[in-house]
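Each of the next two complexes has subunit A plus one more chain, namely subunit B in the first and subunit C in the second.
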Partner chain A sequence: MTIDVSPDLASLATAGPKAGHARRLAVHAVMILLSFLSIFPIYWMIVTSLRPENEIFSTSLWPSNPSLENYVFVLTRIPMIGMLINTTIVSAATALLQVVTGLFAAYALVRWRMRLSGVIHGLIALSWLVPFQVTMIPNYVLASRLGLLDTLTGLIVPNAAHAFAILLLYNAMRSFPTEILEAARIDGARSWKILWQIVVPNMGAPIASLSIIAFISAWNEYFWPLLLSRKPENSVVQIGLQMFMTQEGNLWGPLMAASALASLPILIIYLVLQRHVIESFMKSGIR
Partner chain B sequence: MLRRTTLKLLATLTAASMFPFGAFAEMPATVDKPVTISFYNYNLASAGIGSEATKELIAGFEKKFPNVKVETIAVPSNEIINRVQADIVAGKQPDVAQLTFRDLIFIASDLGGNALEDMVKPAELKDHLAGMIPKGLELGKVDGKTYGLAYTFSTPVLYYNGDLFKQAGLDPNNPPKTWADVNIAGKAIKEKTGKNGFFPGAYGPSDGTFVYQAIVMSNGGRVRDGNKLTYADKNAAEAVKMLRDMVDSGAHARIDPASGSDTFAAGNLGMFVYTTATLGAYKKASQGKFDLRIAPMPSFGEKPTAPTNSGSALFVFSKDPAKQRAAYELLKYLTSKEAYTVITSKIGYLPLRLDIVDDPNYLGPWVKENPMFRANLEQLNRLTANVAFPGPNYRQVEKMMMDSVREAVFGKGDPVATLKAAQDQGQDLMP
Partner chain C sequence: MTDIQADLARPLAVARAPAAGRQRGPFTVQPWLYLAPALCLLMMWTYVPLVEAFQLSFYQWNMLPTSPQRYVGLTNYQRLFALPEMRAALWNTLFYILGLFPMSVIIPLFVAIWTQDLEGRARTIYRALIFVPMIVAPVVAAILWRWLLNEDQGLITLGLETIGLGRIGFLTDPNYALATLTWITGWKLIGFSTLLFSAANAGINASYIEAARIDGASRWGIIRDIRLPLLSPTILLLSMMTILFGAQWSFAYINVLTNGGPLKSTTNIFYLLWEYGFQTMSAGWSSAAGMIAFAGFAVVAAACMWLTKRFAVYDN
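Moving on, here comes the complex of A and B:
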């Protein structure tokens, strides 16, 4: 038996793979361009950090005499290692506290029937709209009274809870099957046990994505450390970067070297957890 | 904006309630007991040469006054006034602060800064100020009293690229003396080399107003007269129109207002008017790349120039007599011959004491090695105080002025009308 293929279908059958191929090529071309636009500034930062001062404005793709002089300058002129350690502590503690406070608040809002829970939820959402600059001075006065000026604790505490963290976990927790929670309750489990032994182990993706966002956000924080810190050695890496923009001219080489050092930990975290982060965002988006 | 307004209000209320102005207990003659004073400093918030020089000076002071401990608070220059305000609000009274001249009136009228005449006995003050340039001392005065003692300051000079001059057929040994010369040289550089001709460091977000005011005042203009804004008046507006004409002729570059310094350091700009504080950076950037030269700032024809000051002054806020003495000793030390030798030779700012310039024990050897710096020293006899704005809205008034200057120079509309519109709006914010 033979199959009679009409000329139209035949042409479609041959054009289909070609069109698909062209489309794939176009998509790849766009992705290559976007990748280039994302990677080139990082490449330029590293190349500039290897240039001597009189070559800093050169447009060559690679310095004629690359050296680590700018890195030595950074490490000797400012307490860069100490600042990196401080930033890591502040970012990790902030992320951890935001996850914990977010979990508590989200669990209470989702599971406990309270009067005004809608109002509370609304107020939390509204607090997200208040710029940090508005609360900065009252926070500063309070931190001063509590003796937290120039301390890492002072950098962490005001960011220990955040509306974004609560809302993200609230949304994630709302879609958690209530049957399982009810079953646990019938088995005698209290809220504390349900939260830590049932809810949290099943919310890996949103907790991971929140941790990463909170960590990066705390890592990039500038204004609060600028206000709170009094000495460079008690400050964080973003303040360190600013120190290379001076009244006597910007020190671009050391600034790029410091930026490379500052972005390295974040880059490593993202590379290690990349798949996890993207997956969690995808799931959150679909949900 | 809201933060700034809240800050000012709180600071004013706090300062007004806590410290009755003019009521000063007599400070002791010496520092007999251990005392700690805070010193808010913006040089220390940088990793540049300013930080190293400041550390050296403070170490020298603490060695000379072992009873005094200086607790330094490093804050970038554009944020330091906010930090001082915030600390006053928080009840952490600052003792000494290095602040910029633009905040002068606000410090004196709203922040409770001490006038040296109220704090120090006349004979003692006179003794310390002897030998300082009288015009330099005027920089920190409000209503005849010295609230800020000029510390690190400079005047605008004309940096120029000798190689671009040669390529454009100009004589690098005969730099432009007038703005008409700048226009001719700028056009020649643009046309023959394709590089940018001229740009002043007057429009960027961190440039302040000193270069702009120097140009305006060199043409006989002023930005305000008492509480009346005058930057759209004839002479001031003509100065801006001159810049606009240079933009239209192609002599004045059309680049990002914040990029003038880097464009010059990269060798892509023929002439750049800016502070000598950046001389060290340009020396390093130009090494083996181009021939760096300096000339005094250009004039309007035969009119003498009126170079205004960039930089900072030292202010005392201490209310405790013992701390006031320690603070005053710090001020004296930081404005001594020894300190100005460090400040000028290591950072590039002007010395407030001219007798050290040729003294072999102080700046003499350095000035011989750095003859370019004389262009700045020569301008000191015409030093004209930078005009700060009064009232709680002073920063907003200043911003509106500089926004209108940028629009007048780079925009399409009538420059004088642009300045006038901003001036009329700004006048409503003046006290």
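Moving on, here comes the complex of A and C:
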């Protein structure tokens, strides 16, 4: 499908208020269609999750007797609450560690002039080009040797540093005025003190962006937990969902309730910080 | 294994010359202490494993710690190239990438240009809505579409039947399954790409457009000669993302929804890696296939970088 952008539309647009009106309607129609496509599957998930069992195949846009029985079913059948707590721990720890390791590395590259800094920057940047599926076997072997299989630590540690985090903070820090760093150094401040008292307080926006993206990506991460997890109670909610689907694939009501529970924290973050979330993702790319 | 716009927008090269006034002189240990956590982690979980995977690709091993690894030279590679599975997976990888293009680049580009005069409240609301799929977890997206497309009671199936198109096995018919998975992958991207293009389009200096209009350029002429060239960095960036990561993005959907079937019609190179590694436990094959994929994508990445340098138009 293409959107018509032929010259006659240009003349339409300038032909007068009436034609302009038609064009504006068409613009809204395109955006409404796109919005509908984006949001309807999620709406349908919520509606289905609220339908009682005898109504599950109904196509009405709202259940006639909304009920929470599907949610109760999920909460009693799988350790959902535990998995949500695990996922929160993993996501928060991953975000925090990515910020800290990223800040340190970026600070080292910005403040000191090293002969190898070009090589290091390149090594960091190129690491995101290595697809995880290529290194997964050695990673798995290493994790099992370290006793990290089926643990939350095992889900956190390999993601504790990320090229994306380092480069985002590096680019933000590079625009930090060097005169201020210089002045602090002449005053005899230690590099540790300069980092925490001068640099970090001025990096609020990039740190917030990075935390949001890292948290959401860690929450949605599927592949590494899939390799590492054994028991649902030691795992994250994405794996729980996948296991539940494999076992009870056609219990649509409970399945939608479980999906809704798994998405709820992210959707709440989005509702509260909506503009900030969009801006973070837009400025820093796709994750 | 994700992607950095901030870094790609500037050509991915090495640090620029540091500003004057920073310390230089004898070797200092301090910066290395700050770099240590990040570098150790990257070494431990990315670079050393990459080298190990390269080594493993010349061995035969069933992943059991107790069983020995046997050196087999290039046999793994020879076998892989002879396998019809591998050929199918490579073709499918290409189909996934090509199928994603309309949703990750072409439609968003034209929607962004077409809807550029939207302003105010309506724009904010559309923005908020079309971004949502981006933050939905892939597993959740897979389950949502599995329900909508369900062959017995899915809403879309029922809708198609009402208008007389009959039932389609979106996930069970080998003719449709790959397209369905591509659609789900693209569903997550289409709104986000539109927002990226809209932002880039809004950043175009209005005086260029005005000047062209005074010179009598048509609307299409303005798009072709001014907007598209100035949007080329974003076009190239999103194309590069699609090429490099498109096949990886579809992994979760393949794994949750089809397991590569029906009749291997939805498997791709990354799914094959996972199957060899963790289903059939042949670490050597998986590593060899991984090396082939890695080398292939590295060449493509270099070519994309070169194209970006050569053809992207920046408005300074």
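Keep in mind that, in the parts below, the second predicted complex is superposed on the first by the 223 of 287 C-alpha atoms of A that agree within 3 Å, B and C clash if a C-alpha of one lies under 4 Å from a C-alpha of the other, contacts with A are read in each partner's own complex, and residues count from 1 in each chain.
By our rule, a contact is a pair of C-beta atoms (placed from the backbone, for glycine too) under 8 Å apart; a residue touches a chain by one contact, two chains touch by 3 or more.
The shown structure was predicted, so the numbers you read here are calculated from the model rather than taken from an experiment.
Which of the two partners, first being subunit B and second being subunit C, lies in contact with A:266: first, second, both, or neither?
Touch status of A:266: second partner only.
Determine, under the contact definition given at the top, whether A:193 touches first (subunit B), second (subunit C), both, or neither.
So A:193 meets neither subunit B nor subunit C here.
Just subunit B (first), just subunit C (second), both, or neither: which does A:78 touch?
first
Does subunit A have more residues touched by subunit B or by subunit C?
C
A:227 in the overlay: touching subunit B, subunit C, both, or neither? Say first, second, both or neither.
both
Can A:21 be said to touch subunit B (first), subunit C (second), both, or neither?
Neither: A:21 stays clear of subunit B and subunit C.
Can A:136 be said to touch subunit B (first), subunit C (second), both, or neither?
Both subunit B and subunit C are touched by A:136.
Where does A:57 make contact in the superposed view: on subunit B (first), on subunit C (second), on both, or on neither?
Touch status of A:57: both partners.
With both complexes superposed on chain A, which partner does A:242 reach: first (subunit B), second (subunit C), both or neither?
Both subunit B and subunit C are touched by A:242.
Between subunit B and subunit C, which residues of subunit A are contacted by each of them?
57, 133-134, 136-137, 141, 144, 226-227, 242, 245, 252
In their shared complex, at which residues does subunit B touch subunit A?
Where subunit B meets subunit A, its residues are 2-3, 6-7, 10, 42-51, 72-77, 79, 82-83, 86-87, 89-92, 261-262, 265-268, 277-278, 280-282, 284-289, 347-348.
In the complex of these two chains, what residues of subunit A are touching subunit B?
53-54, 56-57, 73-74, 77-78, 133-134, 136-137, 140-141, 144-145, 149, 226-227, 230-232, 242-252, 254
Along subunit A, where are the residues that touch subunit C in the complex?
Counting only subunit A, the residues touching subunit C are 1-3, 5-7, 9-10, 13, 24, 27-28, 30-32, 34-35, 37-39, 41-42, 44-45, 48, 57, 59, 100-102, 104-105, 107-114, 117-125, 127-139, 141-142, 144, 157-158, 160-164, 166-168, 171, 178-179, 182, 185, 191, 216-217, 219-220, 222-223, 226-227, 238, 241-242, 245, 252, 255-256, 259, 262-263, 266-267, 270, 274, 277-278, 281-287.
Applying the document's contact rule, which stretches of subunit C touch subunit A when the two form their complex?
By the definition above, subunit C touches subunit A via 1-8, 12-15, 18-24, 28, 30-32, 34-35, 37-39, 41-42, 44-50, 52-53, 56, 63, 65, 102, 106-107, 110-111, 113-115, 117-118, 122, 125-141, 143-148, 150, 153, 155, 158, 187, 189-192, 194-196, 199, 218-221, 223, 241, 244-245, 248, 251-252, 255-256, 270, 273-274, 277-278, 283, 286-287, 290-291, 293-294, 297-298, 301.
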